[in-house]
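Letters A, B, C and D name the chains as they come in the text, with residue numbers starting at 1 for each one.
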Amino acid sequence: MASVFGERVRVSVFGESHGGGIGVVVDGLPAGMEISEDALYSFMARRKPGGSPFSTPRKESDRPTILSGLFEGHTTGFPLCATICNTDTRSGDYKALSDLPRPSHADYTAFLKWQGQADMRGGGHFSGRLTAPLCVAGGIALQILAQKGIFIGAHLLSVGNAKDQPYPMLPDADTLLAPGQKAFPVCDDRCGEAMQAEIMAAAKEKDSVGGTVECMVIGLPAGLGDPMFEGMENRIAGAVFGIPAIKGIEFGSGFGCAAMRGSQCNDPFCIDENGKIATETNHSGGIQGGITNGMPLRFCVAVKPTPSIGQPQKTVSLSGHTEETLVIQGRHDPCIAHRAVPVLEAVTALVILDLLAEQ
Amino acid sequence: MASVFGERVRVSVFGESHGGGIGVVVDGLPAGMEISEDALYSFMARRKPGGSPFSTPRKESDRPTILSGLFEGHTTGFPLCATICNTDTRSGDYKALSDLPRPSHADYTAFLKWQGQADMRGGGHFSGRLTAPLCVAGGIALQILAQKGIFIGAHLLSVGNAKDQPYPMLPDADTLLAPGQKAFPVCDDRCGEAMQAEIMAAAKEKDSVGGTVECMVIGLPAGLGDPMFEGMENRIAGAVFGIPAIKGIEFGSGFGCAAMRGSQCNDPFCIDENGKIATETNHSGGIQGGITNGMPLRFCVAVKPTPSIGQPQKTVSLSGHTEETLVIQGRHDPCIAHRAVPVLEAVTALVILDLLAEQ
Amino acid sequence: MASVFGERVRVSVFGESHGGGIGVVVDGLPAGMEISEDALYSFMARRKPGGSPFSTPRKESDRPTILSGLFEGHTTGFPLCATICNTDTRSGDYKALSDLPRPSHADYTAFLKWQGQADMRGGGHFSGRLTAPLCVAGGIALQILAQKGIFIGAHLLSVGNAKDQPYPMLPDADTLLAPGQKAFPVCDDRCGEAMQAEIMAAAKEKDSVGGTVECMVIGLPAGLGDPMFEGMENRIAGAVFGIPAIKGIEFGSGFGCAAMRGSQCNDPFCIDENGKIATETNHSGGIQGGITNGMPLRFCVAVKPTPSIGQPQKTVSLSGHTEETLVIQGRHDPCIAHRAVPVLEAVTALVILDLLAEQ
Amino acid sequence: MASVFGERVRVSVFGESHGGGIGVVVDGLPAGMEISEDALYSFMARRKPGGSPFSTPRKESDRPTILSGLFEGHTTGFPLCATICNTDTRSGDYKALSDLPRPSHADYTAFLKWQGQADMRGGGHFSGRLTAPLCVAGGIALQILAQKGIFIGAHLLSVGNAKDQPYPMLPDADTLLAPGQKAFPVCDDRCGEAMQAEIMAAAKEKDSVGGTVECMVIGLPAGLGDPMFEGMENRIAGAVFGIPAIKGIEFGSGFGCAAMRGSQCNDPFCIDENGKIATETNHSGGIQGGITNGMPLRFCVAVKPTPSIGQPQKTVSLSGHTEETLVIQGRHDPCIAHRAVPVLEAVTALVILDLLAEQ
């Protein structure tokens, strides 16, 4: 029951890295919404590997087949199912690993939980490849939200020690979506060059590097969300940790708030230039008491370095109970933070669409 | 439906700051577990205000009445309900505020969501006072977990710029629980003095200050949790943001991972001194692929400064649509991070008890 | 997690028959709805025992205390908690029974599930007394629905072999609510006399008797409900079996449909006298494909005879594993079907309020 | 969110009658269970149309493709997805109907709910064809349960006025499963002939006929289920009404209990021939207080006549708001009750597997 989230818009992800196929069912989409399959493929291309030296050379044909829920370019109101075939898999690469869990992968915990019964070839259901169907579902959600004037954008905020400019406090849709239209999703391309240099440096040393991603949502109605355990933070965090490799999330000024005084951190109310109630700062990230206040919703996540690296690593033999050295063969990303950018937009879109469906 | 969380152990919190009473129902506790009411009251005393210069002087009689679910010192297996009366409330303090939302409180978002219909005296259902029933529920959960060899401890990791020592990588139960037995919950009392100085300095300037809290769980079975959207991180984060003022959460090395190389961040497997499989480091925080690996589960949260401060602040009149200056009267904590410590333990205990009930 | 139902309006029932008290939390009520406590007490009086020779002489002071969620006669938008004290309990009556499970009660299954650890005095959490808090929650829901033009009524359709007249196909609100305003909730009082004679006859022989209840909802918007597993039937049935002693439910012509031809059972569409689309018959009970069609929603339930009877019965000793004879002392209803009438209205109201909250 | 059910074993059904395909995702299956695809196809053949004069001549190639969750004949522990292509569809048959809702179908309620936006060709997502993926999921669940010694069987108890013999009170597995191995699923073949005569008679008159189905589960552990809203009855009823055309359900003696005395209806406890606690009768249907008591779980459902009949019927024009006469062309079953038999077994198996996963 773990690969499911959402209350009124329910997303159910399935598939293993080296099985017959992967996919997603989305139950609860509104009927009659226009969906462009081309726009969907463009969105999906953003997470696709193989497109650049910064990504794994495994070539996926991530083109989904939509079995249900779409008819003549519109949602039918019934559950949408999309499947993606698995083709370019090389199980041989992983076979020897089954006894030697890769550090900081789910190999060992899956072994414990399923007592060796789970199909873990290629990472099984834990594979980053499972983010492709999330992007199908989320790509559709993004199109629906855009029709309601809600836009979600994200960009790489840092890679290793190289940093991008953050979004401005009040971005318009163009500014928000600009990084997603670039080959490397940053606000400031010079910053992006420094980040790419960090990735190349790590790759050269058969190593990998982590990063952070900033995400913002504009156009959200104020008054959205619920108190306590169903606040915006709870819902977004509860879903976002389903993206592999995410290890932290913060809303508004987040961990920065912890070092602030109240007089700095509080967002004073004002009447803005359009005569609407707004706040002068947005340390709250657009959320108070779990409920949106009309300012942009903002959060950042931390993405750990790809755990698959080419260097020899210490591990243990599960059968022999001995310490061993492991060299992971195969094809791996020196960084996954930039590929996490569209996935984060996708998951955020699904959470928000779910919430709107409850109103 | 917002004040409810958990799947098999379901917690439902109720009450408004200035209504007849507050409380909690916990459905799904195991039957026949021994519960000490004295130990429960001691635990609750840890979040109680009025005990020190660092907290609000409002005196709560937080003694809960347990209406059901306990019989002769044991859980009955049926839903437990505990209620706490509201006595020392001064609604006059808040009356004038109803038209002037306090910055970075839920006043404005509640006004938007309920169109002015919600009873927001004293913060209403958003009041920090609602963490008292959470502590009743969580205090009981902690006792049940301790009987299963599972211990949860937390401490203030920082206040403003003053920092405590983190827990050691492999704490025993005594080390873990030691901060909770002090008047000021830190590992290193000299660090605690610096933190208290930060709080006093803020108070003196009619200001407040934020902080971070580190939480650890030991004794958890390995293999606990589920992939994707029901991982340990999802479940804990999804609940923890229900605690007022929390703005961020990170697991293991969290945001620190983002600046690391994979070769640093990966936790190499080893055979430990007891001959068990372990990891040499714990950047993963005891979780891989959403599932526990047998190492201590570790996470940190960011707590923003108390939004109620004595300084004049900018706000708006909801009726007049004009910018106004607000001076909040009444009694407020210059810091709530140390009071969040037992609440964090409580919520974590409930999440883990829920998860164990599903196995 | 068993004593909870609803998605957006979530009801959590607590308490044991002989514990400190019983009650309910309702999370998700709309804010600002006017609630009359007098009307609520009148509604609750309908299920109260001790009012007539047809009911147990146990006198309950079922007056609830509302701790939260109501302020100055209006819902606050936050969770409502109501508690009812347990006073007139005589645990002595039940003590000897703990080793001798009462036939067709939950004593034995509770013993199996909780291994003797549950507090089963007076039936524990399984007691019919727990329907009192359901009536608090449902009585409030009924008031809210009435303000939206939705009315729910029920009456005894049969007791033993004595039958009442069914509701007309298209009742107005007065007709629907009339039985609930009588001491004995039937449409036709002469039928009611025959039913009462059945109850008296059973009581005289230290026996009990079952019955059926018909329930109808008018004023529902058409198009309410969802396909497949969240249809109106699924939701109502999923909740209604939470009322003790209910053993069957049928919608529209229900089991009667099984013996019909399609040409009889299909409801032909027509334009009614007000120019609206309607159906000429209502074998569907106002539901097609799980969704309301604008006709009255109709269903019936079967209520088994009170399992507590004064006659000697065969049972077993749980400790001795021997067959024994049991004579149940204490105070018991010769029929509970008429007391189930308001409870059925209450639960139905909660299901519908929940569904409306999702729209 | 309507086409989803289950808590720990979660079933998500998708597809429209005339879309690209239909299917199911089952999340939460245990890992390492042996599944025979041949046995699954045999099970699915039981609901397949086209096999007899009693069913629609539409030929479906119901052979599912299993995309994930199975590897080398064993469950992987990850979500299982099975898809079935739609091939033999003739949308022309239904096109004219879009303005003339078929009586007692979901056409009109779907029109109301989705304002004409849903793809309702062939009944859309409401089509009986969607029970095929339910049989994939349930067929796998039945295999898993059988490995645990739990067997589920069902048979036609009546068609129109013709009745089968009920199952004996304590059937063995062979007796339970025997009807399912026949072309016409009854206990007593002579009764089956009378039923088939009823179906043929209805077909001859371009009419259809309803029926009832009895279902039993043996081998269930005692003590399974939960009180109040998560009892066995709630869970089974909550799912079973997801099967199209079911209008009623009763447990044990069900509606028959309503006419009984307590002294008849109560199930006296005894020590059975194996020295185990049992009951002498089973009016409770194996459930007390929502929890299994170790006796066979028994329930019956009412299936209405197929609403599609060849006779002219009264309907209305949605666009013209006039009364019209409708003649449904196309291929339809004169009875669907016998095809509901395996579907009922399938859904019951999924509910029970879900419940076992929670223990």
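Keep this in mind: contacts are C-beta pairs under 8 Å (C-beta built on N, C-alpha and C of every residue); 3 or more make two chains touch, one makes a residue touch a chain.
These figures come from a predicted structure and were not determined experimentally.
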Query raised in the report: Along the shortest chain of touching chains, how many steps lie between subunit B and subunit D?
Result: 1
Query raised in the report: Which chain lies the greatest distance away from subunit A when centres are computed from Cα atoms alone?
Result: C
Query raised in the report: For the chain pairs C-D and A-C, which is connected through the larger number of C-beta pairs in contact?
Result: C-D
Report task. Could you please state the distance in Å, as a whole number, between where the Cα atoms of subunit A are centred and where those of subunit D are centred? Result -> 39
Query raised in the report: Which integer distance in Å separates the CA centroid of subunit C from that of subunit D?
Result: 27
Requested in this report: Let me have the rounded angstrom distance from the C-alpha centre of subunit A over to the C-alpha centre of subunit C, please.
Outcome: 46
Query - Multi-partner residues of subunit B (each touching 2 or more other chains) - result: 1-4, 7-8, 13, 78, 113, 125, 227
Requested in this report: Mind listing the subunit C positions that touch subunit B in their complex?
Outcome: 1-4, 6-10, 12-16, 19-23, 25, 27-28, 31-32, 65-69, 71, 74, 76-81, 83, 113-115, 117-119, 124-125
Report summary line: The subunit D residues in contact with subunit C across the complex are 1-5, 13, 101, 103-106, 108-110, 112-113, 125-126, 130, 158, 160-161, 202, 205, 207-212, 222-231, 233-235, 237-239, 241-242, 244, 246-271, 275, 277, 279-280, 283-285, 287-294, 302-309, 311, 313-316, 318, 321-323, 337
Report summary line: Per the touch rule, the subunit A residues reaching subunit C in their complex are 7-8, 78, 227, 358
